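Each of the two complexes below includes subunit A, the first together with subunit B, the second together with subunit C.
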Partner chain A sequence: MTENTGSNKIDSFHKKKNKEEMQKQLISFALMIVFTILAFVVVATGMMDKMLVIPVLLVLAIVQVAFQFYYFMHMKHEGHEMASAMIYGGIWAAILAVAGLSTIVWW
Partner chain B sequence: MSHDHSLNPETMPHEPEKATLEGKNKFIGFWFFLGGETVLFASLFGTYLALHNSTAGGPAGNELFGLELVFVMTILLLTSSLTSVYAIYHMKNNDFGKMTLWFIITIILGFGFVGCELYEFHHYITEYGFTFRSSAFGSAFYALLGFHGGHVTFGLFWMIALLIRNARRGLNLYNAPKFYIWSLYWHFIDVVWVFIFTVVYLMGKVG
Partner chain C sequence: MSIAATQKRGFGAVLWDYVTTVDHKKIAHLYLFAGGLFFLIGGLEAMLIRIQLAKPDNDFLSAGLYNEVITMHGTTMIFLAAMPLIFALMNAVLPLQIGARDVAFPYLNSLGFWLFMFGGILLNCSWFLGGAPDAGWTAYAPLSTTSPGHGVDFYVMGLQIAGAGTLIGGINFLVTVVNMRAPGMTYMRMPLFTWASFIASVLILFAFPALTVGLFLLMFDRMFGTAFFDVSLGGNTIIWEHIFWIFGHPEVYILILPLFGVFSDVFSTFAKKRLFGYTAMVFATMLIAFLGFMVWAHHMFTVGLGPVANSIFSIATMAIAVPTGIKIFNWLATLWGGNITINSAMLWALAFIPTFTIGGMTGVMVASVAADYQYHDSYFVVAHFHYVIVGGTIFGIFSALHYWWPKMFGRILREGLGKLTFWTFFIGFHLTFFIQHFLGLMGMPRRYWVFHSGDGLDLGNLISTIGAFFMAFGVIVFIINAILTARDAKAPADPWDGRTLEWATASPPAHYNFKQTPLVRGLDPLWIEKSEGKGKMTPAEPLGEIHMPNSSFLPFLFSLGLFVAGFGFIYQTDNKAWLAVLIGGMAFSLGTMVVRSMKDDLGYHISKEELEREAD
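The block that comes next holds the complex of A and B.
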């Protein structure tokens, strides 16, 4: 590791790395916009059957959220094992909560 | 703690948010908090899903919701998520001025979002008489949306406080974790909004 021994400024290696990272984040932003527009268009035009449209919307949402977590919040980087454990633990409890609360009204 | 950790900004490590023990602890602690927030919002979503048909003769979701405004709000919040990514990019390149600028843009977009949401609630209340007390659907709707909007508003004032407090300090290893943690919070708010516009508005429109 040579970061702190350089005479000044961030070394060019990390500058380049940051730039590559930024490009990936821009691509994921573009994809998220596309998925959002897709979701709104599907609903606004009513082009899909009701039984089909809800799973499609949920899949689009989950993909978008994955982009947020892995690219925008850097969860794909190393050193995020604890972070992943926390979020997946939260998601697990979240699924239970939603499943419990939404099925309880059926009986 | 503050000044003994502030390195010369010219020799910033490449992950300044995790260069100190305090920064590492904030990072872990904040992800723990976000795990808890996931469950908080899940219980509100579950409540909404359970009660969204209990309109008590009042207006239902597909009569109320207008997709145009929701689309504008979604784009505002999604774009503000990207601008905070830019801010963190400049933080990692140790450019305090540009980081501040992108955070200010983020805040402006966030206020745009809150403005739209207030307009939306005002519209529902005055045009449809749809309030927190109208029906179980109303309570669940305003509880979920209100909690999210409250998080956005809290985040805006949090960042304003950070920017004012650190305006003359510049970037150092003491405040880099603070900015980084805020960007995690802001992305998380966008994550919640993705599910709100999907589950509440789009699925509400479908029926």
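The block that comes next holds the complex of A and C.
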């Protein structure tokens, strides 16, 4: 996590770790592009009706956000417990507010 | 004390020092003075309300002015008095309690204060510029969207600017607690005040954005012709109530939780015991914060949300009584069998328990939907929230000020005057508000300008007004006390035989707090060292250079720019020429941000030699 990757004195263990990390990043990057294309295709071709498209787009978006947080912003690494707790706390507060408004006021 | 700080300096130099300071201890002083000033203004407004209601059919205040006074009393007391006084305590003590040299972002700390200050001044400018806001502190639409004049515009802009400052302050304390704890200071070794402030900061982070959004919507409705709350154009007035209380309910926990922390520290110090049920206290605080986000609609039972929504929010509200009860019993158990010292700080804390419990009991009563139809918007509710906010927050602030005054100012407040303040305020408080429960049950509605002589409310209101004068007397005695002690002898570092890290520093602490960062070996770290006969903290690092931030005038200027832009926003509805003021103010603030970004400000170092010269 905080290793100095610029140094040439990296031992084989860290070398392997970094390689795995890079692979994961590339895989998630590719997946995110695929998901984005998928989202556009679904809408552009009109292959699904509106009731289905919206949940599909939402699921794709949530997966992409998770990739972003965990692989690109390193939330899966150690030392991010507090950050995750805060993010999930914030999401929870936001969901409560939106759920409250949509069920009580707009429904 | 450093040599420079003990030299006599001119008034101008001291003023410049405070305007540009980024030191958390001086910012605590600023928050205390500003919050104290607004507390006096809000208190004056309260006295005007009580004088108006002293006798039936009174005409001391006109009806319109009365609406302005009640609105400004509520708004000032919540946003401009209670919040900054709490921030004063957090700034003064929190970094010391975790063994840090300052908060994580000293510059932002200063910015947060000046934003709050200018927001508060903007709000109060309304008194001199055609009338204060008059839609109640809750500013319910459509009353707030249709209120004539600029009063509510001042409310919107003032709170928006002050709210930004509060948000900055909250985030600053979060980062400070997460990142700046001394070696060994694990989360479960933090003093309860630090814990409670940390959780209150989480609430600030999640609750204030709702206020920001609500104020933006209201601002656009009033100034730029939108119709979020205009029913005739397809808007919905109830949305304001929801957004306001999604913010507003967590806000009342922001007001009370840090003071729960204060009471925990005061009880364990003056009972000479480890806090009973420390872990339970921490988790009870978290649980209150968690539940605090799902109870907002209990302010809206009579709106007509339907039986299902009302039941859910009613049950969630009653559930909060459980963690609060855990805390009350833990405090009692801390006192049980303790070696108790009763002084001013302890008196406030002891008085808090029965007072807050009465407020909590009436809270469960108003949480019951069927009964709430009777209590709603009556003086019963007024009595309830003054019992929790004054009996919890204000009692807590007084307790904390008596407890930490030596740490903040290097002097001990006088006991005799402290006890006089306590007894007059305590008796006055119960005289004022206890009777209001019954006035409410007898049918006296909240926010009414007059009552009539045949209503049978005369005696109750007179008693309430007499009580208010007792409270005012108590506050004046406190101010005299604070002024008199300035000439007293310097306080020792640890006057109360304290348990936590702040008492390991001098009174007041050196500007770098700790010469060497202390090593924490458990809960109540100073007490551990004392009980093992050592009496002082073991350093966790060798003596070395200390890196300190430079003072800066930019936070003041940035906030000044927004203050000017606020006037532009308010008056551009009358004359578009005011847009120049709006843009000018914003551009000025942006300019200060650019200066801050472009200019490298790396701070300075205190050398090892200089540290060695200074006595411990």
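One rule holds in what follows: the second predicted complex is superposed on the first by the 88 of 107 C-alpha atoms of A that agree within 3 Å, B and C clash if a C-alpha of one lies under 4 Å from a C-alpha of the other, contacts with A are read in each partner's own complex, and residues count from 1 in each chain.
As a convention for this text, a residue touches a chain if its C-beta (ideal position, glycine included) is under 8 Å from a C-beta of that chain, and two chains touch if they have at least 3 such contacts.
Just so we're clear, the structure is a prediction, and the values are computed from it rather than from any experiment.
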Exercise. Kindly classify A:101 by the partners it touches after superposition: subunit B alone (first), subunit C alone (second), both, or neither?
Key: both
Exercise. Return first, second, both or neither, reflecting whether A:32 touches subunit B, subunit C, both chains, or no partner chain.
Key: first
Practice problem: Quick one: classify A:18 as touching subunit B (first), subunit C (second), both or neither. | Solution: first
Quiz item: On subunit A, which partner touches more residues: subunit B or subunit C?
Solution: B
Quiz item: For A:68, is the partner it touches subunit B (first), subunit C (second), both, or none of the two (neither)?
Solution: first
Practice problem: Have a look at where A:43 lands relative to subunit B and subunit C in the superposition and call it first, second, both or neither. | Solution: first
Quiz item: In the superposed arrangement, does A:54 touch subunit B (first), subunit C (second), both or neither?
Solution: first
Quiz item: Is there a shared patch on subunit A that both subunit B and subunit C touch, and which residues make it up?
Solution: 82, 86, 89-90, 93, 97, 100-101, 104-105
Quiz item: Residues of subunit C touching subunit A in their complex?
Solution: 174, 178, 202, 205-207, 210, 236, 238-239, 242, 246, 293-294, 296-297, 305-306, 309
Exercise. Could you please specify the touching residues of subunit B with respect to subunit A in the complex?
Key: 7, 10-14, 18, 27-28, 31-32, 34-39, 41-43, 45-47, 49-51, 67, 71, 74-75, 78, 81-82, 85-86, 89, 92-94, 184, 187-188, 190-191, 194-195, 197-199, 202-203, 205-207
Exercise. Over in the complex, which subunit A residues touch subunit B? Could you list them?
Key: 3-4, 6, 8-10, 14-15, 17-18, 21-22, 25-26, 29, 32-33, 36, 39-40, 43-44, 50, 53-54, 57-58, 60-61, 64-65, 68-69, 72-73, 79, 82-83, 86-87, 89-91, 93-95, 97-102, 104-105
Exercise. Would you tell me which residues of subunit A are touching subunit C in their complex?
Key: 82, 86, 89-90, 92-93, 96-97, 100-101, 103-105
